[in-house]
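Note that the chains take the letters A, B, C and D in the order they are written out, and that residue 1 is the start of every chain.
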Amino acid sequence: MTNAKLRSLASNWLGFVLLSALLILVFPAVLDDFRLNLVGKYLSFGFVVLGLVLCWGYTGILSLGQGIFFGLGGYCIAMFLKLEASTPENTAIQSTPGIPDFMDWNQLTELPFFWEPFHSFAFTVIAIMAVPAAVAFILAYAMFKRRVGGVYFAIITQAVTAVLTILIIGQQGYTGGINGITDLRTLLGWDIRTDEAHNILYFICVALLLVCILLGRFVLKSKLGRILVAIRDKEERVRFSGYDVANFKVFVFCVAAALAGVGGAMFTLQVGFMSPTIIGIVPSIEMVIFCALGGRLSLIGAVLGALIVNAAKTTFSEMFPELWLFAMGGLFIGVTLFFPRGLAGLVDDYVVPFLSKVFLGDKKTPPPEPAVTKLAE
Amino acid sequence: MPHIGPVVESDILLALEGVTVSFDGFKAVNDLSLYIQKGELRVIIGPNGAGKTTVLDLICGRTKVSEGSIAFKDTEVTKLKEHEIVRLGIGRKFQNPSIYEDLTVLENLEISYPKGRGVFGALGFRRTAEVADRIDEIADMIFLKEHLNTKAEILSHGQKQWLEIGMLLIQDPELLMLDEPVAGMSVAERVKTAELLNRIIEGRAVIVIEHDMKFVESIAHRVTVLHQGKVLAEGRMDKIQEDPKVREVYLGH
Amino acid sequence: MATDDTSNNKGLTSPMRRKLLKGMAAVPAVAAFGGGMARSSFAADGVNTTGLAVTDTEVTVGILHSVTGTMAISETGSVQAEKLAIDQINAMGGVLGRKIKYIQEDGASDWPTFAEKAKKLLVQDKCASVFGCWTSASRKAVLPVFEQYNGMLYYPTFYEGLEQSKNVIYTGQEATQQIIAGLDWVVKEKGAKSFYLLGSDYIWPRTSNKIARKHIENFLKLKVVGEEYFPLGHTQFNSAINKIKLKKPDVIYAIIVGGSNVAFYKQLKAAGFDLENKQTLLTISVTEDEILGIGGENIVGAYACMKYFQSLDNENNKKFVSAFKEMWGKDIVIGDVTQAAYLGPWLWKLTVEKAGSFDIDKVAAASPGIEFTGAPEGYVRIHENHHLWSKTRVGRARTDGQYDVVYETADLVEPNPFPEGYQ
Amino acid sequence: MFDYTFSELSSILVMQGFAGLILFSVFILMALGLAIIFGQMGVINMAHGEFMILGAYVTYLTSHLFQDFLPFAYPAYFFVAMVFAFIVSGALGLLVEWVMIRHLYARPLDTLLATWGLSLILQQIYRSTFGAREVGVELPDWMMGSLAVTDTVEVQVNGLFVMALTAAITVAVLVLLFKSRWGLQVRAVTTNRVMSGAVGIDTRRVDRMTFGLGCGVAGVAGAAFTMIGSTGPTSGQLYIVDTFLVVVFGGAQSLLGTVASAFTISQSQSALEFFLSGSMAKVITLLIVIGLLMLRPQGLFVLKVRR
């Protein structure tokens, strides 16, 4: 194989292979069940950041509302699991057996109509992606057709986040309120609370995530991917090349939402409950930060970002429970100021040239320039 | 109506009639009528603030008219979206080169290629031999064949202008609108650009906005002079240059 | 980890050793063996047969509260009380001759984080008992973890009830204990006829108001003239206050929590409500902790109904208050939940000593009937349903941020988390 | 609603209108600092709430200072506290601009991330310094209570105070921006940074002062909010969504727009609150604002400009 071929192969697949190896081989081998389950939980945010790479990194749409979609996906599966857990036998002490416990506490005597379809697993699986995508579609269609962009879009998504949180907390008879939907037990009869189940869920999560990375990569490598970059850099030019820019933005935003929905579902399965705190403004911003830290232009980098920030959060907070916010805040500021392309940017700038020098005998340093390096303004 | 010579209806490609646009009461374009025939090269000149760029904005839908109508090939375009107007066959080049700096020349041209314009079309788009040939052809025409894999951001200013023209050409529009295509170009580049323009005019109408009188002389067939949002004069370049009104507002100082 | 550095006997739980073990043993069967080894290193006589972190000299417990985020405001007092109790128990020789070592984790006001940390405390640190949680939501989040991994949680907050678990001891009052006596008192003492119910919009205020409404309408046969909820963190109450003015209720019954409290009472006072002389206000959500933020001058005259006030006049409480101030500063105040949190470690110690074992099952089984005579609130006893028998008291807020106790029930009130007739 | 007398209803109407005006003032106070920073500079300052709370803490400290050293001047301490709040928050703003923000002008969305980090750090600083619990800011007696206008109509003194303060600050900022030389420079820099630099305006200095001013105004707002709200490490977060919505809804570039949008949002919210529960009122208000923003994406007040 020639150097050039080798290099292009390496630059295309090395990151993916390393990430797969890390997730499939290394983590299960060195981490105990508890930590592995934690990694699985972190990885469910990986789905969200993949979407953010697509819509923020490549298309320049910053959403401060990814928590909405993460939450919707999570609530969909949580509703299914809650119905499964609320058999008349399990809930015999309630005044209305057979409905979820929190409904009973709120004097509901029958299942609300929108819960009914969630008896069906097939419906639930579709809803996990379709509900977030549909909400994203309504939001994005209204905004992008009217050319709301940039900061405005970000603020509006944030406001929608606030609305949804207040609604979910306020409508507790239908949603479980601030407690969320808790005490989920089995998935199609399979107990999801055991360590073995957590291990299996971890591998399902990893497999799905890798598939999603490949999907994201397929989108980015297609002409669509280049159009997204074009939209980010010169939206008007794209419009005057005969494209309906809004459609592309709507599409990418819906894809990001569907990805987040899958992440939310994996989160619920691995954590065992769904809570409105995960939808709020703070978690939504944190998701953006995972993405920024890992590298908003790199699918692999962003997933690692989600892993690293969460792991750091856990470690810092275990070591310094009263001071860890300093470390987190400092980390965000540092990355934004000094490494705007995140860790992936660091790797591109330093590690890749070094590796090609060592292994491929490159004399000059410029690495195979990734197609897109500039940041969205 | 200050246009010169008889106009046969069927020859008209673009017709602006009684077009007015106002920004908070200020009429940037005021009751303007303008007709472009098929295959015509029209140069619009005028002092700063005359409304030249605004006219182009109106035609391509970037700015919406307050009153009046704009018809392209007998289709009213004032209510259409920008991309729909483009798809009708109107291409627009901006004053400052508007290209995708992060992409290569090849990718710039490929994005402009008029296939795969829907979301899923773009997802399934493949670079077939037909596409590659067309890109090659255009790249050759705009003097960038050697630079196909160069990132657009490192092209010279003139090359960027050409690339943008190429991005329009690949769509084969019937009406091409160029806003100051030679601004910031070297003398040699201007000569080449004039040559390019003369070549691409075949089979299509072109509207050019230009300040550079020498360049205008080298390409102009017919000139429209705008002043305060209205047509001040219209006709052949030599006639225009002698028009006292024009001399007063524009050439005179 | 923020632990006492005194004697850090971590044995095989140290992360490095565990990693090595697991690294060698990717196969689950061998991993189980590794787990077994970790377990055996903790076996301490017959008092610990299930692999808890108990050695011959030491027993590890967990403290799980929010020290960051919005709930840190409320939960700080509980952390302080639990640490004080642990210190005092250690000074008396510990539990079954073993010193208590605590591992503190931050729930960060985020329920999934609570679940994660609870699991860490149980699975990784093998805590013999955990003192923690404040909001119902955090308790709901950790409850399945405690039930699955068989841990013991001492939960300090007054809450809405509707729950009972083998793995939880509820040291605060459930809703009926807190609400009914207070309502009866205000009707008898103040001749109240009409009530206006207010609350933050989540389960505890809603359930509590539901119980209050049932009691007012069905048992007292009086009128509720308004009921209203505000999003958590709401700071604008002028419209609500105008509505109250319009309805002129005899009693404002307020269950507003967190920062909203401050806004509510300041705006109430500014709107001319004179709680001292004219308007009766009864709350179940304002402890001395909250008054710190509200300012005594803004709430003076309001009545609060709970089981403990810092000003309680008894020997236990005097000792408790002075010890608390000595440890955490003279300006510190102690609210109802703080006192309930203080009960946790003590009740656990008494239960362990009665059971003669740290085993969770034995502790859970031995809990009913445990009596603690040294409680600052007075005598308490654990009920069959793992809640506490306790007295209910009504206090009247003073300008200095303390309450004057104006009423207390004659007997201990029975906890009734699933009250008939109030559902 | 019909079992009340006419005079009762009309006095409630007056008081409800007054409540709306207080909310209006509160929104303006919250949004003014942000409107300066976000509207004029394009910086998304997620730490805005923390700057406000800094002002509140300064007020708290000042009140203790007066109690201990100048008890005779206590009734007037609040005015001094506001000045201190402005200075301290403004100074922190200058520092933050110098350390952080000035590197990010080319990347406005990134300012969001960096200032979010800043807000985490500030929260923890407050928590470590003042404790996790809320602090009670005691106010002079004359500021609490209400004036009885008629038998049934009462207006809050602190509400009047907030309104007066809001009017004063708004006028001051408007005068500063539109009548002073500095304001001219700010507007010049916002419009065209490069050209402003070329004609000899020290753009860096202007940026720094603008950011400092915005933060200082936030500090004063925070001081004023001790009258109606809580002062704790995380209290600032309560305000951030409302604040951004007010500014965006008004049309970011226009201070008058901010005033108009604060008026619209506050009136609809306080009217809705009267007829619905607080929670639903909030949701509906937010939804209305979002809906209107979809119809008028650039906000209420924006000039149609020639491109």
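Here, a contact is a pair of C-beta atoms (placed from the backbone, for glycine too) under 8 Å apart; a residue touches a chain by one contact, two chains touch by 3 or more.
Source: prediction; values computed, not measured.
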Third chains touching both chain C and chain A: D
Selected interface, C-D versus A-B, where C-beta contact pairs are more numerous: C-D
Chain A-chain B separation of Cα centroids, rounded to whole Å: 44
Euclidean distance of C-alpha centroids - chain B vs chain D, Å: 48
Chain B and chain C, separation of their C-alpha mean positions in angstrom: 73
Whole-Å gap separating chain C and chain D, where each centre is the average of the chain's CA atoms: 36
For chain D, residues contacting two or more additional chains: 123-124, 127, 237, 279, 282
Sequence positions of chain B contacting 2 or more other chains: 62
Contacts with 2+ other chains: residues of chain C: 67-68, 201, 229, 231
Chain B-touching residues of chain A, taken from the complex the two chains share: 219, 222-224, 226-227, 229-230, 233-234, 236-245, 247-248, 251, 369, 371-374
Residues of chain D that touch chain A when the two form their complex: 38, 42, 44, 46, 100, 103-104, 106-110, 112-114, 116-121, 123-124, 127-128, 237, 240-241, 244-245, 248, 252, 279-280, 282-283, 286-287, 289-290, 293-295, 297-298
List of chain C residues in touch with chain A within their complex: 1-2, 18-19, 22-23, 26, 31, 67-68, 104-106, 108-112, 115-116, 119-120, 123-124, 135-137, 140-141, 143-145, 148, 162, 201-203, 206-207, 210, 229, 231-232, 418, 423
Footprint of chain C on chain A - complex, ascending: 28-34, 37-38, 41, 93, 95, 102, 105-107, 166, 169-170, 172, 177-180, 182-183, 193, 267, 271-273, 275, 277-278, 283, 314, 317-322, 324-325
Footprint of chain C on chain D - complex, ascending: 4, 8, 12, 15-16, 18-19, 22-23, 26, 123-124, 127, 131-139, 144-146, 148, 154, 156-159, 227-235, 237-239, 269-270, 273-274, 277-279, 281-282
